[in-house]
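Listed next: structures, encoded as structure tokens.
The following pair of complexes shares a single chain, subunit A, combined with subunit B in the former and subunit C in the latter.
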Partner chain A sequence: MPIRPPSWRLILIVLGLITLPIGVGTLWLLLTALFNQVHGLLPVGNINFGNWRFLWEGSINGRPPIWVALFNSILFAATVAFIEVLVASMAAYAISRMNFPGRRLYLGMILVLHAFPAVSLLIAIYYILRVLGLFDTLFGVILVKASLEIPLGIWLMKGFFDNLSWEMEMAALVDGASRWTVFRKVALPLVRPGILALGTFALLSAWGEFILPYTLIVSGKSWTLALYLQSFLRESFVDYGMMAAVGLFYALPVFVFFLLGQKYLLNIYSGGVKG
Partner chain B sequence: MRRYAIPAFFLTPATVLIVLFFMVPVVATLLLSFTDISTTTLSKPSWVGLGNYRDLLADPFLKKILANTGKYVALTLLFNVGMGLVLALLTSLVPSQIGDQFRALWLLPRILPPVVYVFIWQGLLTQAPMGLVSDLLGVSKNWIAAAPWSVVILANGMVGASFGMLIFTSAIRAISRELFYAAAVDGATTWQTVRRVILPLLSWPILFVTAYQTLSLLTSFEYILLLTDGGPGFYTTEVWSLRAYHLALSNYFGNVEFGLGAAMAAVLVLIGILVSLFYLKIFNFQNLVVEPKVEVN
Partner chain C sequence: MIKGTDVTLRGLSKRFGKVWALKGLDLEVQAGELVAFLGPSGCGKTTTLLLIAGIYRPTTGEIHFGERRVDHLHPKDRDVGMVFQSYALYPHLTLFENIAFPLRLKKVPDAEVKSRVQSTADLLGIGHILNRRPAQVSGGQQQRAALARALVKEPQLLLLDEPLSNLDAQIRLSARAEIRRLQRDLGVTAILVTHDQAEALAMADRVAVFSTGELQQFATPDELYRKPKNTFVASFVGAPPMNLIEGVFKERAFEAGGFRQGLEGPHPQGQGWLGIRPEDIELRAEGTPATVLVVEPLGREALVMVESGGVRLQVLVPAEAKPAPDQQIHLHLPAEKLHYFDRTGTRVGP
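Coming up: the complex of A and B.
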């Protein structure tokens, strides 16, 4: 807004107060993970790395080692993001650049699915994975997660392809390049910002995903970090210190990314990406 | 043939995944809701027609579930839209560098993994001396059990507020500068500018955010599941989508009411399809389907 009110400092204080819970929560997680005991936000006693013993003790109360969960989480997020970006870009390219029968219908379907709340399909998806023999496999959950976000991805990437000037593609086509080569070598490099935005969104969303693995995975060897952390809540005695350490360990990439890329995050989340 | 072959090649992966995990599940949800399927009859369920829907109507807890769902959606929506609006306005009134910082901070609840986010709530609300709220209020309780509804609404709302915040901020930025100058020349106070210039221009975005979030709140249950799992006690915070999930997929009902759960999910699926189609109508589909640019065959 071009006009700054005279009382903007007062407004800043109000903003600070309503945002306080977010800061307090983050600080609480940090302190509880690092100290022996914390009363509210006041550390009692010394810095203590005992909370972090899940890193070197192998198995905590019969759980799989955290490295298994970490590996699964990385594999899950990376594969979901890769499939999502590749499949959505291909479809978006076709919709943006080619005329085929049913194009309007296809685009309409993508739009409807983009707004459609996919989580209501979870019960049927559980059944379908059982029928396909993909229940309790990481691969099955990867496919589900990527698929549910593909309409959003197609919609986002179509916007990027639409805004691309097409002279270079035209030139390549006239020179006899195939459609696939043009897509791979000309169009995709030009929509790098779109790929980065969709990739970031997909990575963050898959990294945090809870309900799908929680419902579709049973065995510990396929646990992701979300399931590993959640398993602490089912114990009769909740070890807050260790849970906070696990939580911080799990959320660390998100915090780092947040600190380095705030401006970028604001841009991509404002760009019509739903959450 | 070439005319079809190339687009088909580019569209096949997306189409296969969409059919497999959107189209088939929609049909499957409807079909399963007409059967008595459960863990014991998973391989050969029998057709029970509208039986599940009759059970659903006869469910003595239906009233409670409906009331909970209404309460959850209405109050969270109020918080989401109201807080989104407040944040968008306030962050637009301070220098934009600082405003951006605050907006970024409000994205944190959205990008944090839900399990970590909910764990922080649990930690802050647990008994003294660990729980900060218990310490500050001087009353040691588990505040999630003591005030489950407030927690469910606040926790969901703090995640949801950023959605409205971002959309309203873009809308405020799109307002032409002349309007602000004109208001200033006329001697309008900040409040008058907000009330008479900005808010009237935000009515369409507000409508959009409200409509969009109504649908997602109606079907989302992840944070409730993690926070209270429908409790404490008997169905205190159990909403429609969570009950469907519990009936069909949760272990402590013994997984025996898959069909009934599917019937409840089918209601949500139908609402979802109708509302999304309605969105398509108001989004003005014609404008979105521009002709493709490169077409060489």
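Coming up: the complex of A and C.
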């Protein structure tokens, strides 16, 4: 008897069951953020925007205004993504295209770094930042986050550069370009899908980053949204309603961004130049 | 009108790791000439081309364009145009911007870029599709665009790396003639790398045959065909290839097993090779007896594989005169069409 693929309906049911907890969690977040009180998944009372008063009331319970945290989060994610894309694409080009002493060793080390559990470095990083005077600054955390992500970025971009034809670069050299011009005008435009993918990935990863700012930032003026959200759990009375609202506020940009950027994210796994 | 340069290579070598891709090449290309570098893959012909372009730096030796020594110069300072096997067009740019690329790098003013790109493209018959991208045009048009990009900066030297091998057989023949005509009209010196001996013979003023990193022979197509310098050139140039029989030169005869061919005039002695082209062997009523093994009709002619005294030979005969398989025939090898090579494969006569 030939093997038949299971019906679409069965596949959908199985996948639906597996994703159910995530769906329920999101629904709970939505309901809790919008109603006075929720019993389980059952809202009590009316729709109420009181949970969202952090948007207009400024400082609440000694927290900095949410707009400061939002600004910090955007600054953090954008700067990390920018540094990561810049350094990774240049390093990846060098590794993919140029022969220099220690290239293989360097490649191996990048791979090890990429696999290294970053959390185990936290104490050392703490001391390094203190010595450099960057402890408790957003810039310090940006540097740490970018350097931890760059190895992955280099590997990813190297794959894209490896797919470019040598002849095209040779052609550009003969046409009168310098090595730098070849990189800027020929190689870089052709790995645009890779840059967009890496940029999207870096933005999302930095947006969701919690442990690094949590360890390396103390003062409220440098808080990111992740720290703002976590601060609710440190209080004796946890305001779950407002916490859910902040959570939603924090997640909303990611939803939007993912909808716009998923095309490039998928590219990470397929790679390559499309003519 | 471009003034082509002459090119002189002296003692040119290139080593990759432990492998010598090119060994001590001496070669002179005259201004306005089209020279083909011919050889099987890995023979050093493309390496030589990339050395001339400046992509590789030579391990030893010198490259001169006219009076100017260029082997230490960056490719951009050599004033060379090049067409690659894959065409290497920039997929993110339109054909216009592809062709304009060398001019933009030279900071040529916009209006001049426009007119030069247009006139070069018109010359190659792609003036009407300049706003398309490489992926949106045919292979033949891509090849023309690559040629236009190489010619737009009016180089002194045009390098062509297997420019026709990605084309369909049909347009390949017309592209051959067109490149030749264009090169002659423009007066640019050109070097063509190819593994196709027919292409080299048809297009080039002179052909340099390479094997294992060494120049085997540098001569006109005619001389290459009539007087190959060694067995490699003899077997590589010409299709079907020359018959080469290994045997012994004796007094007024050549013997290989049961095969025997009488010789006239001066000839070598001892171990060696006897060569004769398939089209030079005649079928006669009398002569060396042979058996027909296989007959391959080729249209106008037929290629016949025969055996005589343990030696296999290919014979090209007019289609209407072709024998049948297993038929007993007689071969005549005209004395003036024989080639003699010594045991190392070097030509020793006539």
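The working rule: the second predicted complex is superposed on the first by the 242 of 275 C-alpha atoms of A that agree within 3 Å, B and C clash if a C-alpha of one lies under 4 Å from a C-alpha of the other, contacts with A are read in each partner's own complex, and residues count from 1 in each chain.
Please note the rule applied: contacts are C-beta pairs under 8 Å (C-beta built on N, C-alpha and C of every residue); 3 or more make two chains touch, one makes a residue touch a chain.
Everything numeric here is computed off the predicted structure, so don't read it as measured data.
*Asks:* Given the alignment on subunit A, is it a clash or a fit between subunit B and subunit C?
*Replies:* Once both complexes are aligned on subunit A, subunit B and subunit C fit side by side.
*Asks:* If we overlay the two complexes on their shared chain A, which of subunit B and subunit C does A:170 touch? Say first, second, both or neither.
*Replies:* A:170: touches subunit B and subunit C.
*Asks:* After superposition on the shared chain, which partner residues are touched by A:15: those of subunit B (first), subunit C (second), both, or neither?
*Replies:* In the superposition, A:15 touches subunit B alone.
*Asks:* A:5 contacts which: subunit B (first), subunit C (second), both, neither?
*Replies:* So A:5 only meets subunit B here.
*Asks:* Touch test for A:150: subunit B only (first), subunit C only (second), both, or neither?
*Replies:* first
*Asks:* With both complexes superposed on chain A, which partner does A:196 reach: first (subunit B), second (subunit C), both or neither?
*Replies:* neither
*Asks:* For A:181, using the defined touch cut-off, is the partner it touches subunit B, subunit C, both, or neither? Pick first, second, both or neither.
*Replies:* Only subunit C is touched by A:181; subunit B is not.
*Asks:* Have a look and say if subunit B or subunit C is in touch with more residues of subunit A.
*Replies:* Counting contacted residues of subunit A, the larger count belongs to B.
*Asks:* After the superposition on A, what does A:32 contact: first (subunit B), second (subunit C), both or neither?
*Replies:* A:32 sits against subunit B, while subunit C stays out of touch.
*Asks:* Touch test for A:97: subunit B only (first), subunit C only (second), both, or neither?
*Replies:* first
*Asks:* In the overlaid three-chain picture, which partner chain does A:162 touch, first (subunit B) or second (subunit C), both, or neither?
*Replies:* Only subunit B; A:162 stays clear of subunit C.
*Asks:* Can you give the closest approach of subunit B to subunit C, taken over C-alpha atoms and in whole Å, for the superposition?
*Replies:* Distance of closest C-alpha approach: 5 Å.
*Asks:* Both subunit B and subunit C contact which residues of subunit A?
*Replies:* Dual-contact residues (subunit A): 170, 173-174, 275.
*Asks:* Touching residues of subunit A toward subunit C in the complex: what are they?
*Replies:* Against subunit C, the touching part of subunit A is residues 165, 167-168, 170-178, 181, 186, 189-190, 192, 273, 275.
*Asks:* Spell out the residues on subunit A that touch subunit B in their complex, using ranges where they run on.
*Replies:* 1-8, 11-12, 14-15, 18-19, 21-26, 28-29, 32, 37-41, 86-88, 90-91, 93-101, 103-104, 106-109, 111-128, 130, 143-144, 146-148, 150-151, 154, 162, 166, 169-170, 173-174, 179-180, 183, 204, 207-208, 210-211, 215, 225-226, 229-230, 233, 238, 240, 243-244, 247, 250-251, 254, 258, 262-263, 265-266, 269-270, 274-275
*Asks:* Help me check something: in the complex, which residues belonging to subunit C touch subunit A?
*Replies:* It is residues 50, 53-55, 74-76, 78, 80-82, 84-86, 88-92, 101-102, 105-106, 133-135, 149, 153, 159 of subunit C that touch subunit A.
*Asks:* Sort out for me which residues of subunit B touch subunit A in the complex.
*Replies:* 3-4, 6-11, 13-15, 17-18, 20-22, 24-26, 28-29, 32, 37, 42, 83, 86-87, 90-95, 98, 100-116, 119-124, 126, 128-132, 135-136, 158-159, 162-163, 166-167, 169-170, 172, 175, 177, 180-181, 183-184, 190, 193, 198, 212, 215-216, 218-222, 225-226, 241, 244-245, 248-249, 258, 261-262, 265, 268-269, 272-273, 275-277, 279-280, 283, 285, 288-296
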